[in-house]
Amino acid sequence: MTDQSWTVYLSGEIHTDWRREIADGCAARGLPVVFTAPVTDHGASDDCGVEILGAEENKFWHDRKGAGVNALRTRTLIGKADIVVVRFGEKYKQWNAAFEAGYASALGKRLIIQHGPDHAHALKEVDEAAEAVAETPEQVVRLLTYAITGRL
Amino acid sequence: MTDQSWTVYLSGEIHTDWRREIADGCAARGLPVVFTAPVTDHGASDDCGVEILGAEENKFWHDRKGAGVNALRTRTLIGKADIVVVRFGEKYKQWNAAFEAGYASALGKRLIIQHGPDHAHALKEVDEAAEAVAETPEQVVRLLTYAITGRL
Amino acid sequence: MTDQSWTVYLSGEIHTDWRREIADGCAARGLPVVFTAPVTDHGASDDCGVEILGAEENKFWHDRKGAGVNALRTRTLIGKADIVVVRFGEKYKQWNAAFEAGYASALGKRLIIQHGPDHAHALKEVDEAAEAVAETPEQVVRLLTYAITGRL
Amino acid sequence: MTDQSWTVYLSGEIHTDWRREIADGCAARGLPVVFTAPVTDHGASDDCGVEILGAEENKFWHDRKGAGVNALRTRTLIGKADIVVVRFGEKYKQWNAAFEAGYASALGKRLIIQHGPDHAHALKEVDEAAEAVAETPEQVVRLLTYAITGRL
Amino acid sequence: MTDQSWTVYLSGEIHTDWRREIADGCAARGLPVVFTAPVTDHGASDDCGVEILGAEENKFWHDRKGAGVNALRTRTLIGKADIVVVRFGEKYKQWNAAFEAGYASALGKRLIIQHGPDHAHALKEVDEAAEAVAETPEQVVRLLTYAITGRL
Amino acid sequence: MTDQSWTVYLSGEIHTDWRREIADGCAARGLPVVFTAPVTDHGASDDCGVEILGAEENKFWHDRKGAGVNALRTRTLIGKADIVVVRFGEKYKQWNAAFEAGYASALGKRLIIQHGPDHAHALKEVDEAAEAVAETPEQVVRLLTYAITGRL
Amino acid sequence: MTDQSWTVYLSGEIHTDWRREIADGCAARGLPVVFTAPVTDHGASDDCGVEILGAEENKFWHDRKGAGVNALRTRTLIGKADIVVVRFGEKYKQWNAAFEAGYASALGKRLIIQHGPDHAHALKEVDEAAEAVAETPEQVVRLLTYAITGRL
Amino acid sequence: MTDQSWTVYLSGEIHTDWRREIADGCAARGLPVVFTAPVTDHGASDDCGVEILGAEENKFWHDRKGAGVNALRTRTLIGKADIVVVRFGEKYKQWNAAFEAGYASALGKRLIIQHGPDHAHALKEVDEAAEAVAETPEQVVRLLTYAITGRL
């Protein structure tokens, strides 16, 4: 029983270091995982469209251009993922995180949702679509360890 | 060129009368549309799981049971829809609305997103996945009129 | 918001009257449901292959012929269903019920599993794949009522 | 005609050494096969949910949490498999094995079912969905040898 | 348990009256079946391309044009069928019948193959892909009766 | 052999009366066809976006808004079609016609391409993807007659 | 522009050396192709079922067992192929070749059909579904060379 | 966060050196991209069919043969691509480019359309289906850089 390589897309909150925590935790355990993610540089993510394709006067189209450019990356990487982890942080609307959870769910991806207990009621439909709901990045590391190696 | 019957799922905000506005507007124009929607009675939507399947002490599982029961309805109706309209209101997290937008998008449904201008930046990725972004229910009526009959 | 017609496939146990209970309960509430099911006449289900296509000396192929003929019906009807209800009774192996639950799940059908509390541990993976787990046919009637009409 | 690498998921019974027998038999013949499997440590499989994500008072939700965590692994690995082998042992309900057989069948995977002759009648619909029905692990090794190398 | 309407595509041999036999047999039993078929007028089927779209000097392209025009009909009707029945007669190559069997199989349609015992060995792979193998049109009528009504 | 109802989407050139010719020809023959089409009012098609959703200073986004609104209609109707007919007229770039041909082809729709002989070389890849290539609307009527009724 | 590795499944006639010709021709040109094929040892192909899984008195089930075991290989390899080449030889019914052509076509595989001119009329529907129709293995080598490297 | 290897298909105009510009630009930045493309030798692309499979007197079938042979390459490579870039040049009908854009869109591929401002109105529906619309090959390089590495 060899452990195959897995691809895990880390969606959601971009203001804390949770992706690094998960990647480091999995590396420390020697797991064969490739992690992917949306662009987590907030400024680049907002301005990539106009930076590359030219300025827009209207903020709505400034945003649209950027969203399209980001989607080149995110839709491709979600499509290639085995597991999609979506973290909801304490702040902001985070509608894009919920959108990616729905998108991944309809593609038949395995879902892990990670958030603090305060958000549990507001996220109940999202949680229901997931195989596992974690409260901390460390739990995500343990979930991936178990899923990939079969060992607790 | 006969106008075929269309099925339109109205997702999102449940605290105002926007679904009725759209349905009435389309009825007044004689459009051949069947509208479907999630359960919009907030209390029923929260408690359907435990009402039907038995009480839970733990609020997390109370919510989970309800979310599953609601999904019996919503996943079926989204799957049958030609167009999914998702409205984001002024208040609340509304993560379920964003989840359903992502779910519908990955199923290849046509999407109309409706929200006020204040939410435009936070919803930019969701908007980008949509064929049209409207600000008012009346605009949604006009979009459906045009899509179904070809007349402005 | 019109209630559309739904198709519900009733899979599993064939030695009690549970399908009739559900159909009667839904009819009493005026639900627009078409119910479908595998053949529930045990003898016919066992012998349909050899009855129609000719006798077999070897019991294995006697069974195989019948299983193929039954699959003409069951695979078609599961494919057309919106919701698949699978009931596990008290007795027998009922592997076919579990097979149909897995089959429906991979097709992306909504699942309701119905069984008594004694089977909960043995059915935990099957239950996890379902939107709802009921203990009685009457609960299934209430689940369908809510899913179809949105009313508790 | 090069022999490509194949991925074979070994589903079902976890109380005997059959997976090792098959893996050893294929290794002895030098077959290019990657074997995958659900977690076969019964205790870990039962308790993984609460071990990682926190204890549950209610046994039903204890089981549900574990089933979700196991599904992170099993749904991913079945989705990646070329062939799914499902073994039914002498004991227990083994509904999960039948569920995985149905799940794999609807995904269009090739199926080998392996069980003793006593279970033939109860498994007739499951067997009918399979390309091959074997009685012993050694036969499975021979089936894989032939499928992969074309040599008896 | 209402009997839904079924669609059955009758593929294969066009020189005997077998389609009429099956349609009459099902009508006599009052089955809710819509039968569809390729064009069974041999001349029309050969010449439809050049009749409608203009003559060809080269026989190969004469045939190609006709095959394309016939495919407008056959691919559409196979795509809409619940069950595909393929009959192999005594004479001719009938490669188109085998092609349509393979095409329907990969689309996940239920298959009934009908042929005399002389062809059994040559058709073994085709038969293996089918849920049922019949020798006579009357058996096909009985198979459809059972699949649709559940009664022998 | 009943003739089922067919849905035919008429894509492409909007400056001549070819859709009406085809619809009239099929009506005269009593064919059970529902015809659908993109919006063929050039002005409405160009301005629907800004008319309904508000003006844009930038022509590019004026066009984008309109293209999205038109796509609500066209993607839905192509998705529901059995056959897609694409006509290339004498003038203009008509890239949208070619785009819809490619879109329909990848969805597995049956394709009829209609154009004059002057465009044959430039359209060779589009023609190759089609079941039939016609030169006149009348030929399209005859193709539909044959496909639907089996009669020349 | 790097040339990616391609997988080509060689279906059909098993009594001449055509697969070797194609493989040698492609090797001589240094093409990055992996060739796969059904089992071409006629005896093994006929008897693999009973050899591995036990004898059958009834020839029909002898054949069925073998067909299932062969399908473990063929369905997997067709599913992994980029291009499926199907050769029809001079003799025998070769229904399995036509079945595999239809199966590959419905899976959306690219098809090359190879046969002598005598079979052109009988194979017209099969040819119509193919991207290319060749008369000789050498032409197949040239087609693969062009498809993979872009050079004539 | 490792950067995975991406596959990018470069569709469209074949009379300028834009593919090389993009490939060189990405190589200079060290991006892990495999580029694929249709055959860009105009003569080979026109004549490949008759060169390999034999001459045709009728120009229409000369073209058809070539289009089929080219499709062996293009359909395979588009199917394997993560991103499809389609460039519309200044001249010619370029219907094949628009067809490939539609084909890629319906397959769910990410799309970048590249053209000069003069074509913006005529390409508005094609642009609407794309994640990004660029004016120069250099912008395409920057889009790929950002999509693959997340860095502007």
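For reference, chains read A, B, C, D, E, F, G and H in written order, and residue numbers begin at 1 within each chain.
We take it that a residue touches a chain if its C-beta (ideal position, glycine included) is under 8 Å from a C-beta of that chain, and two chains touch if they have at least 3 such contacts.
The chain list, named the UniProt way, goes like this: A, B, C, D, E, F, G, H = YtoQ family protein.
All values derive from a computational prediction rather than experimental measurement.
*Asks:* If you fit chain A onto chain D using only Cα atoms, how far does it have to rotate, to the nearest 5°?
*Replies:* Rounded to 5 degrees, the superposing rotation is 90 degrees.
*Asks:* From the C-alpha centres, identify the chain that is farthest from chain F.
*Replies:* Between chain F and every other chain, the largest centroid distance is to D.
*Asks:* Can you spot which option in E-G, A-D or A-B is basically A-H again, with over half of the contact pairs the same by residue number?
*Replies:* Comparing residue numbers across E-G, A-D or A-B, the repeat of A-H turns out to be A-D.
*Asks:* I'd like to verify one number: the distance from the centre of chain C to the centre of chain F, where each centre is the average of its C-alpha atoms, in whole angstrom.
*Replies:* It comes to 42 Å between the two C-alpha centres.
*Asks:* CA centre of chain B versus CA centre of chain G: separation in Å?
*Replies:* So the centre of chain B lies 49 Å away from the centre of chain G.
*Asks:* Chain C to chain G: how many Å between their CA centres?
*Replies:* Measuring from centre to centre gives 40 Å for this pair.
*Asks:* Which residues does chain E have that touch at least 2 chains other than itself?
*Replies:* 68, 71, 108
*Asks:* Which residues, counting only chain A, touch chain D once they are in their complex?
*Replies:* Per the touch definition, chain A meets chain D at residues 1-2, 4, 6, 82-83, 108, 110, 112, 130-135, 139, 142-143, 146-148, 150-152.
*Asks:* Considering only the defined contacts, which chain E positions touch chain H in the complex?
*Replies:* Within the complex, chain E touches chain H at residues 56-58, 61.
*Asks:* Any idea which chain F residues touch chain B in the complex?
*Replies:* So the residues of chain F touching chain B come out as 7, 19, 23, 34-41, 44, 47-49, 51-54, 65, 68-69, 71-73, 75-77, 79-80.
*Asks:* Within the complex, which stretch of chain A touches chain B?
*Replies:* On the chain A side, the touching residues are 59-60, 63-64, 66-68, 70-71, 74, 88, 92-107, 119-129.
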